[in-house]
Amino acid sequence: MSDLPPYASTGQRIWHYTFRYVICGLIFFFLIFPILIIIPLSFNAEDFFTFTKAMLNLQPEGYSLKHYNDFLTNPDWQQALRNSFLIAPAATFLATAFGTLAAIGLSQSHVPFRRAIMAVLISPMIVPLIISAAGMYFFYSRIGLQGTYWGVVLAHAALGTPFVIITVTATLVGFDRSLTRAAANLGANPVTTFFKVQMPLIVPGVVSGALFAFITSFDEVVVVLFLGSAAQKTLPWQMFTGLREQISPTILAVATIMVAISIVLLTVLEMLRRRSERLRGLAPT
Amino acid sequence: MNKSDGAGGVPADGIMRAADGTPLKKSLARALRREKIRSLLLILPLLAFILITFIAPIADMLFRSVENGIVEDTIPQTVGLLQDWDPASGELPDEAVFAAFQKDLSEAFKAKTSTRLGLRLNYEKAGMSGLFRKSGRPATNMEPPFREAFIAVDEDWGDIETWAVIKRASPRLTDGYFLSALDAHRTADGVEMLPEKERLYIFLFMRTIFLSIVITFSCLLLGYPIAYLLASLPVRTSNLLLILVLLPFWTSLLVRTSAWKVLLQQQGVINDILVWIGLIDDAGRLIMINNMTGTIIAMTHILLPFMILPLFSVMKTISPSYVRAAKSMGASDWTAFWKIYFPNTVPGIGAGSILVFILAIGYYITPELVGGTSGVFISNRIAYHISSSLNWGLAAALGTILLVLVLALYWAYDRIVGIDNVKLG
Amino acid sequence: MKLKTILMSTAAAGVMLGSASVAVNSASHGMEPCEGCANSMTVVSWGGAYQNSQVKAYSEPYAEATSTEFVWDESSNEAVAKLRAMNEAGNVTWDLVDVEGPDAVRLCDEGLAMEINVDEVLAPAPDGSPASKDFGDSLVSSCFIPQIVFSTTFGYRTDVAAWNGAVPSSLCDIFDLEKFPGKRALEKRPKKNIEWALICDGVAKADLYKVMETDEGIDRALAKLGTIKDQVIWWSAGADTPQLLADGEIVMGSTYNGRLFSVIEEQKQPVAMLWDYQVFDFDGWIIPAGLPEDRLNRVKHFLKFGTDTQRLADQAKYISYGPARASSAPLVGKHAELGIDMAPHMPTDPNNMGNIIVNNIEWWSSYADDVDAKFQAWLAK
């Protein structure tokens, strides 16, 4: 189906090309255009959210790095950046450590109440964020975690674990159990078996799970808005208040930087996925 | 004990035994148990973690939606004495109630809880908070007879309805927040719906569901052709195009929302282009933001990858030979697609649609930023009650209803797709 | 009425600015050392131009003199909710919170703000009269330390072609879609909108709150607002209207007068003020209840400096809000960067005070929940 057979009629040809290049092209445009449009706008020399005449005429004076400069020098943005990089890795570590162990546990053949446990563990991904945020706000207030660094880290870790479980479980699905049995037969103890046999195979899953957990925390705004205080202000928080209150094109500069980060993460993830499939012999190399 | 040689053949008693002499069945059961314990031990840390950091907060929220200790805790003696008073009698409570109330209220005033109670009772009847604020200090130096003294402070204390409200609101558990969340309230004659023009929440829930359906449908409409194209192209090309789907997926929600703000404003990029090519004039700029349209467009964009990815993973597994076979037997392109290909993609449609719908129904950030007033969801109302109006009980009740809706969908998703089969990227 | 005196004296100050601005620059700090004080403060405010004026007038000079570290949190909008949560947790992370008068009353009632003896905590006026006398009626609650008088009023674009040269001159022009077509911005809550609507529906100012207490009164106000509903963008942050005006997304809108000042005078946008029936309010600090000793010492030390006569007058160099102290009024001078007289831009300038409403905190504290429910139901449909 990938290409038209030579006997295709004119109608079929027209439809084929319309579908492929016009309809799908437009949808891809819809997907990508909003993300790309902010990049040139972030170099706007004016404080506007739209293209100025000078920009459209490609005059150099229409463009400037001033919004990037503002991002790099404004203490509010710098504090937000620092907080994001303090919170996300801690949350990622917790989510990945707990999540990986649990995924290995869940992949064993005889787990009592497997379904119920899975439902509980996946729930942070399913429950709408506003409800999680409301519940956490009320509960963390009671136990003194509201407005603290650890409160935000724990909440973000909880939101990130389902992704770790899902990705690690996925790498374990194709896992051949006879490999561990063979290792045991050859005299390896369970710990050695884990590190020598299982670990290398699930590493891609763990890493991509960790990336998901990282981006979950790094992008998260609803929970941090409720649970955090000024000292935990993250990048998304700053962007949200910026969009709602002081609309400045600095947001577009930050957005551009975040798109760049997404591209890096996506590339790493894609490489990991290929490696994992190759290791498990699932994909043609 | 009859110890047999386990390594040998079937022993005299007919029981298979393991190397250490225990019966094989028992030994296997033990091994199985050990394995179960080991797997549980691996799961336990996370389970405990999620229970504490996530499930407990949700449970706390459920509890808040019915909790109502404040009335009895603040004015315990009054509440006790009001048990014996019947508002239907047409008489004010007797002097003993007023005396108890004077004592309760002056203590509450000193503990700074009296106005807090007033705020709670204000949800039942407007004006109660002012009444309590006004009466707190005078209550501390009141002389009997207390009934007259209170009425002298504010004549509302001589209104039977005031006391009826206190009595109605005094149980430790209340359904009042849930009634409010369903546009009803409790009057002397029982539960009644609010007048038509004051109803809000049912309308908002309906709108949330309606908008989520529209968004799900537009995601399906845009996602299906893309997933189809990706599944029909050679792996190398489709992997490249897949990046165009994954990039938005990985891009921050706030980045994408700000992008739509830039694009959709009246002085924004799209309107500028339309004016520039002469499709509309400067006065006729389209209003695409701060309303329903804004929410639908932005959220369709944000949730589209969640539709494409499940559809794609289903379509990948459909062998092209089915359609080829149909065509070779004379089916037209359309018939081959509609009768053969499409039915095979239904599981993907189901999975993608439920996923998008679940995500959409609880959205908060995007409607808040681009939804104006006609494009906001029930979530925005929950956030409003938490941070602005401070009616946490009502926020919890609305949250609980939304949660029940989502869990029902989640259950359906589990039935159709299975939670274990969720795939990412 | 005492309020009127403050307002008038602030206004009068405008007349004799020139000479006063010298005093502003030569102010010496002369601060006592702070003993047993924390080294940093988390201060909560509204963000934007307003917070900036506080940074410039209060915290920067104070930080320079004492090397205290300031963390600013733009959460004043949600201050009551967050303080309640912090209080439940017994972990109050804020040291000083900027709130409007009504929120201060509520926080004080809930026991979330600390009651203070203003004469003990705050500096007396330069002539020696105690702070309580200097602040006068702006002390709306025993927890409240006033900073400014501000007003909510309208701004409009001066270049709307469809108006054929006409400009709005009275409040009721907001409701006149025929003469003044175009989008308007109003706040997404009933307060002020209800009052304005009723006044333009013919209710006398004196009867306003009596009418509002009835269901029919609210219905009447909503019906009046209904006549322009499809032309209204509802804002929730004070910076929305200035931004929308600057972008040309609206032709007129309500917001705080200081925000309009910065869009008109600092950003030089084609916007002008409509002062008719501006609504006066107070804004100031509260100290959260239950601060530890060292942080409380720091806050008190800062407040003594940051709310003295000179500092309140200094704030008016950056934003057009009237200082809450009567003694600050004669010191109000020219804008710090623009060098223009601030007097005509003060809400308290006699020329701007033709018709005013003073926010009725008492009434709204009782009826806000009810009216808000009705308003939001009306808004959603």
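As written, the chain order gives the labels A, B and C, with residue 1 at the start of each chain.
Rule of thumb we're sticking to: contacts are C-beta pairs under 8 Å (C-beta built on N, C-alpha and C of every residue); 3 or more make two chains touch, one makes a residue touch a chain.
Everything quoted here is computed from the prediction, not taken from an experiment.
The chain with its CA mean position farthest from that of chain C is A.
Taking the mean of all protein Cα atoms as the centre, the chain whose own Cα mean lies nearest is B. Taking each chain's centre as the average of its CA atoms, chain B and chain C sit 35 Å apart. If you average the Cα atoms of chain A and of chain C, the two centres end up 41 Å apart.
For the pair chain A and chain B, the distance between mean C-alpha positions equals 22 Å.
The set of chain C residues that touch two or more partner chains comprises 82, 247. Residue positions of chain A touching 2 or more other chains: 49, 137, 140, 142, 244.
Residue numbers of chain B whose C-beta contacts span two or more other chains: 265, 267, 386-387. Of all residues in chain B, only 111-113, 115-116, 119, 122-123, 126-131, 133, 197-200, 203-204, 207, 265-267, 283, 290, 372-374, 376, 381, 386-391 touch chain C in the complex they form.
Of all residues in chain B, only 32, 35-36, 38-43, 45-47, 49-51, 53-61, 64, 222, 225-226, 229, 232-234, 241, 243-248, 250-263, 265, 267-269, 272, 301, 304-305, 320, 323-324, 333, 358, 361-365, 368-369, 379, 382-383, 386-387, 392, 395-396, 399, 402-403, 406-407, 410, 414, 419-420, 422-425 touch chain A in the complex they form. Here chain C touches chain A in the complex through residues 42, 44, 47-48, 71-75, 82, 85-86, 88-91, 93-94, 236-240, 243, 247, going by the rule given at the top.
Partner chain B is touched in their complex by these residues of chain C: 77-78, 80-82, 84, 109-111, 162, 188, 233-234, 247-249, 362-363, 365-367, 369-374, 376-381.
Residues 1-2, 12, 15, 19-20, 23-24, 27-28, 30-32, 34-35, 37-38, 41, 49-51, 94, 98-99, 101-102, 104-106, 108-112, 117-124, 126-132, 134-140, 142, 154-155, 157-158, 161, 163, 165-167, 169-170, 208, 212, 215, 218-219, 221-222, 226, 236, 239-240, 243-244, 251-252, 255, 258-259, 262-263, 265-266, 269-270, 273 of chain A are the ones touching chain B in the complex.
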